[in-house]
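Have a look at these structures, which come just after this line.
One chain, chain A, appears in both complexes that follow, with chain B as partner in the first and chain C in the second.
Moving on, here comes the complex of A and B:
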């Protein structure tokens, strides 16, 4: 009786084991050892900034050749060079211009008051659906911090006045906040730009003046004064072509609504730009 | 014959639903029901394992254990069969859909010890089903499990966006919901399926 039990169970185990061994051979999933190494070189935050669902998916794409080695914004130059080493491909070792997130709205609670008191789900995407949002400006920041919650790198915080502030050191330009903002107010731009238009309103100037103290009214003064013709006004909103911008800072100075934000460190004061246009020295 | 199979099939889905009436297989029911897509994947894996396991355990019981007088080995032998099948399913899923493989995570190998699978195998023997009846019963148990977990995942997807009181967030509200779903299925208890299929 006992021997029968041992033999029958043993035989069954042996039969199943053999069947599984054959199946394992047939169904083996081949994994490239480089995949694990690439994954280790990545930050592991699974932010999706590369366009793949998480670091593992990007590592698989790199190894299969579907993606380049330079797609990880969070890892920056270090990750790019490390991955290129693992994959045995060449990449320039020079650093690339970092990009960071810029918020294209200055309308905090004071500058752009609320039309009504919103008491619903504390999420901009939900608030945006209620009567067109509680902000007076239908293009402006709703200030509920959905972008802040989306940031995986602790690089965004809400200011006391209700506007998100980007931590320039921590931002890795993964683009999570860009996706999260229901009003599309966040844009990834080169870190070293001198000026950008911090408004997204396409309303007419008179309407903007009524509801916001710092909104672009589409007056075109910046465009007229730009020595490099880098600014164009479309839909009552000024847009700066960063390729053409010579970093003179005149637009920020001339803007009547003060909605062109100037990074003083990046302005080339008193220099002649590449086109030979004299740059004003009195911006600061 | 067909009528009896129909009765077995539908009663295992509705009247004696493995999850909601017999309370078997609760672990994956709660663990993999956050998303409808993963729930469907889990359901299909369970249907596959349950159907094959029901057939194979019947064969093992009636061709090996009973003739050798080894009825006491039933549980061990059944688990052996189920474990082998789950291994096979795991390999297939890893090969066919790595995404689903990752989403199912630890719950996939845990089908091995899923009491719904073992429960179906033991019930088949206890009810004295034939090989065909066992297979149909196993498949129906899997379909019932899939239906329950997909329904539940649908509710949980909505719950995720509902203003649930803080103390009820997550599993507490999920358990309450599962209870309500189970009560709803009690409504099928009075059905006379035999009459419906002309038995």
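Moving on, here comes the complex of A and C:
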């Protein structure tokens, strides 16, 4: 064994080690220790639902004061309360209403057939560029599952009939699917809404009837029957003002095309609406 | 309504008026689907079959003595757009921005896409219109020289036009080697003048304006006879068309009528391509009207329309060799497939002219140009969202 080699390598090791130790102290980047803690409190999915490019960017924004503590939809109440603790700010400890994704189309392969067969790139954004899309309805779901592929939380799946279905438990309202859909069919709404219009067609009623069995024809029956005047028909499409909705469910019952989807658990039967009118109990 | 009567106009930028191509009565405004699948408003005119001319369609004075600005105004009034396929408003192309100057006008008679022969027939049958229109466009630009580029697989057209221009010192017919995509502006400028349009630039950046032979003929028509752009020559072709040929059709005619005039189809329709097979727009029906930019109608049978299933990229690099813009098409397509839009943008995806050589050459049948098109659309969408 050559003693000189051991000594010289050892000396070099010591010298470099010392240099690195000094450099680590002198050139250290000042970080707020809270940033790491906030990052730990976040889910780490980097979904971008907060509007920042990933969890680390959001953590930095929270610590610098640029963003509030309640921007992370994936982390929900737990993350919000934990981040508020770390930052020493107050936030209400009560749970907030979750939002989830709703698909505003019911036109599956059966209800709204394809007008030609598309065999190009299996991505709705590419299909939408070819001949205006293969679906009969120019507003309807193309059914190739680009939203499903965009979901980072396994919260969306394609049904056998070719429509995306949201898993209400898993959805965190990050908005990735909203961004992915070339036809803008997905909207984030409060989880506990009672009704929503599951159609996006702005075609005239007669045209919709020709191509889709479950499309909104803009007949206005829902608007006429809504006791809270929460529904308006614009561009041949019914739109529900969720702020005004009293959850009576009458619109869904009256809709001749059955394109207003009702969540039976959320209907409040027999309650008085804001005008004091008793809502009929014959829904459901 | 009379032939040549204006039926619509707009003050918006990059628009031109629309004129009636038939005489008859307006029966309403309807929603129709144009090639590409876009739904637009259209004026429905019941044709009385008389083709009575409107008094609007008359020429005043000698067009050769007009001021450049007046020529450009009349070109706009006649509703003239680029007839090679893109339908870009010609008046806008001829209006040179402040600080720039065009020294050359190239008239594009290349017609490099397979199947299409409409420009070829036009050059043989209306050479005088092409040359007169080119001279008017040159006057509008105040450019020195006119080059008429024609591929050497059309020797008869080269011969006819060369004879016609022999007395004109500033006009030159340039025979070109057959090559696709030579009819694209940037490639044609390189082939004729050896100038290269910079990335993200326009032909005017190198002092050139390019117009199609059909556009030149339409300019001559509009300024000498006063007839606005209400008809065009287009090729009706494809293996299942019984008597393929070129038709001078009125804008707005249902394409199915033209196919019927060509003897109809011998087999059920599989797919229609409006334009040429490489850059045309695929569609599923013949129930669309003839539009100003429609250079051809290519009809495929169901067997021909069947797409080949793509397999994995074998990294052979053929798409890179084929790309006339010097891009890496396969790599760009992969960036789009994996959602790396930022990277694709920095690798000059915007320079792609969508000629389709990459997808054509690909031994794995990968839909490369289709992915790039989708990527360009997505990048534009993201830009507009963040703006």
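In this text, the second predicted complex is superposed on the first by the 255 of 284 C-alpha atoms of A that agree within 3 Å, B and C clash if a C-alpha of one lies under 4 Å from a C-alpha of the other, contacts with A are read in each partner's own complex, and residues count from 1 in each chain.
Everything that follows uses one rule, which is that a contact is a pair of C-beta atoms (placed from the backbone, for glycine too) under 8 Å apart; a residue touches a chain by one contact, two chains touch by 3 or more.
Keep in mind it's a predicted model, so treat the numbers as computed, not measured.
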Touching partner for A:27 - first (chain B), second (chain C), both, neither: first
First (chain B), second (chain C), both or neither touched by A:130: second
Contacts of A:4 with chain B and chain C, given as first, second, both or neither: first
First (chain B), second (chain C), both or neither touched by A:138: second
Chain B versus chain C as contact partner of A:121, first or second or both or neither: both
Which superposed partner A:13 touches (first chain B, second chain C, both, neither): first
Common ground on chain A, meaning residues reached by chain C in one complex and by chain B in the other: 121
Interface residues, chain B side, partner chain A - complex: 60, 64-65, 68-70, 73, 76-77, 80-81, 83-84, 87-88, 91-92, 94-95, 98, 163
Residue ranges of chain A in contact with chain B within the complex: 1, 4-5, 8-9, 12-13, 16-17, 19-20, 23-24, 27, 29, 121
Chain A contact footprint on chain C (complex, rising order): 33, 36-39, 281-285, 306-307, 367, 370-371, 373-374, 377-378
Of chain A, residues touching chain C in the complex: 115-116, 119-121, 123, 125-126, 129-134, 138
